[in-house]
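For reference, the structure I am asking about is given below.
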């Protein structure tokens, strides 16, 4: 039990939602350190810059030193290794989430057998919130404030 | 970090499969103690007695003192509380598993908010193995030995 | 528009949950009369008698004369015809609900083309509540009160 | 019963299919007015112009004054409000449709609680027809005439 | 190519439906002989006797000598071996069918690697027809004739 | 038995994986000739050129004269007709694969009733391997060699 249990929580988080936030809180029950890893995707057109996402994440979890936010490029398994993380966290909202996540978890196990994928169920009342839908609401001027942490809402405000 | 991380892994385990075995091994990466909790269902007609299941489980994990096997009646959340377990483990083989598990996880969260459900993906090459199919094979005289730990195979042999 | 829009909401409702209750409220936005139709299944072992279910339903919707509760035997389409209902209501919590409901809707359309099946999505925060899980909680002495209307909780109390 | 029941049926409809057509016919059993709302997506490369879609829709439903076709920009909930529609119609062909629709329905409920999403099951023999597959057939010179209303087939003919 | 391609199509077929019938017709495009294998389940309460099912099957396919009907006990893989069949046919109506069939196919491959499972999609307009729903209709006096071959309808007539 | 049973196996195969390879081997149990048909998609940005894919496919199946590799444009049903193929092969890894494949199979049946779609289940231990994930690994410098046939690995090596 002497080595700390470090987990990464990789994603685009464009933006990070209150569903993601709940997954982080759940994983803190289990891990000594949780690194939120913001993927720098080249192809996707993003709503928020990676820098803005990192800044808002650090504000959101400012009171808990066990949570870090970093950006990464390339495969999540390499980022995990660089950070001595042996766990990879993913939230599951629905079976279509799971359909997407399972092959990824199996592929990661094939590439990095020492890394364990851990799934947490998103709370029912947040199970419909997705970054994709939030982006759609933001672009169309709708009220997105219930769906993201305050630090994100502040940056997304027009 | 001083309190030990105790998890229960509840199920019928009639019989326990090599898929379940892998979930236990994965969860030992994360928990200080894993209690395999064999539910005493009144209604189901079982292949193995609960006593046989417990005996075979203890043999299977004889070399690892962090694994315990116990039987329980009633709700899994009560068994967790009695054992000071704050985590409930479930394996996920497929999206139909998930469809069954998600409402259970949400219900358990509503009844016992202090208990966190943690899902692990079953390894791909064991993802098709179910207690139900093994029971069917056993009843029809098929060769089930690749699907269960040796201690179970020994008790199921005709 | 002169003929009233009558819908049946068939099910076992053993017990009726707050998820079902929300579906009734939603359907009242649309229909002039909603008949909750409690199926008298011969095979299933039930938690509540059909009489108790009807009584609790009538209490639950006592303030709204547009809601009726009746029992029925046989096919739901025949009960609909007897009550001049042209609509059949079903709630959808998840894709596994849908997998079960879709063939039923198609079969009903083949048998009774004049009857239209209408689906409503169950609210996210009630999407995990099922009669099956509530029965399990009741049988094991758990706290089920958040999951059923008060009139049902009163009858289920030990 | 004095206020008319107005529903919107939003979508891209590029092109509108005989599956969509059946959903409109089903919804006319229930609503006093159905507004087919053609979304003006900026990003998607379309097969038909929005104007062509509107023209073909108006021809398709020329004989029924309860059906309207309009284009809209932005969130469907705002379009609904502008048209005093309290219902939003969606067709369901399969569980993967449902997986996509459910979070949208929950999001719309969170943003506009007064708007009720109503799902209708697409008829079995039209359940495989999608705008995406029709576009693929059109682009590759295949025979698409069985899949779209005549007014659309006329405009899509090479 | 000198050895004939023999396939078994195992199931309960209580009753055999027009969906099953279409799967047999499709498989005759591919196989030299198709053996419809009626499982003699001990536990299930059946609508038709196994003898009646076999008799109606033989009548249904009387004009095609490539189709046989037999009953079997035990594992389908053993029945396949006894009949020198190297192929096992299953129809797929929906993803929930597939969720049930895939682990069975994988288990059969593990037990009998020489046996290949072949899936055919059920035609869309028969995709909702199941033996379970037909039994329900028969028991409740509904009109089931569109759902089963004539030889079955004759035996099911009250 | 006189006309040979010819099947096409259409796809992007960018790259072809060991999962695809197993589907080809399975289909050779059943067909006299299998044509791997590499679609020339205009829109997708590809990892490998169509020529490279064809070359690597021919190397992979060099020892079996029953396997051919060709490129095609347009609808797969037209390519099948040009090659006198009466069967179209698709592998199924998961229910989300099936959700995508079923409407395609129904559409193809509507367009070309003489063409039969045949599904084979991908082996469990290869069920998570997808061209999409392999492309991701290749782009990020990960080790993809376990996921593709040797002839593809040779061309993908940096």
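As written, the chains take the letters A, B, C, D, E and F, and residue 1 is the first residue of each chain.
Convention: a contact is a pair of C-beta atoms (placed from the backbone, for glycine too) under 8 Å apart; a residue touches a chain by one contact, two chains touch by 3 or more.
Quick caveat, the model's predicted, so the values are computed rather than measured.
Undergrad: What is the size of the turn, to the nearest 5°, that moves the C-alpha atoms of chain A onto the matching ones in chain F?
TA: Answer in degrees: 120, to the nearest 5.
Undergrad: What chain lies farthest away from chain B once each centre is taken as the mean of the Cα atoms?
TA: Here the answer is chain D, farthest from chain B.
Undergrad: Give, as an integer number of Å, the spacing between the C-alpha centres of chain D and chain B.
TA: 47
Undergrad: Using mean CA coordinates as chain centres, what's the gap between chain D and chain E in Å?
TA: Each chain's C-alpha centroid was found; their separation is 38 Å.
Undergrad: Give the residues of chain F that touch two or more other chains, as numbers and ranges in rising order.
TA: Answer for chain F, listing residues that touch two or more other chains: 94-96, 99, 102, 105-106, 124, 127-128.
Undergrad: Please list, in label order, each pair of chains that touches.
TA: Every pair of chains meeting the touch criterion: A-B, A-C, A-D, A-F, B-C, B-E, B-F, C-D, C-E, D-E, D-F, E-F.
Undergrad: Over in the complex, which chain E residues touch chain D? Could you list them?
TA: 94-96, 124-128
Undergrad: Across the complex, what residues on chain B touch chain C?
TA: For this pair, the touching residues of chain B are 74-75, 77-78, 96, 99-100, 102-107, 110-111.
Undergrad: If we count contacts the way the header does, which residues on chain F are in touch with chain E in the complex?
TA: Those in contact with chain E are residues 1, 5, 26, 29-30, 32, 86-87, 92, 94-96, 98-99, 101-102, 105-106, 109, 116-121, 123-124.
Undergrad: Quick check on the complex: what are the chain E residues that touch chain C?
TA: My answer: residues 93-96, 127-130, 133, 136-137, 140-143, 146-147.
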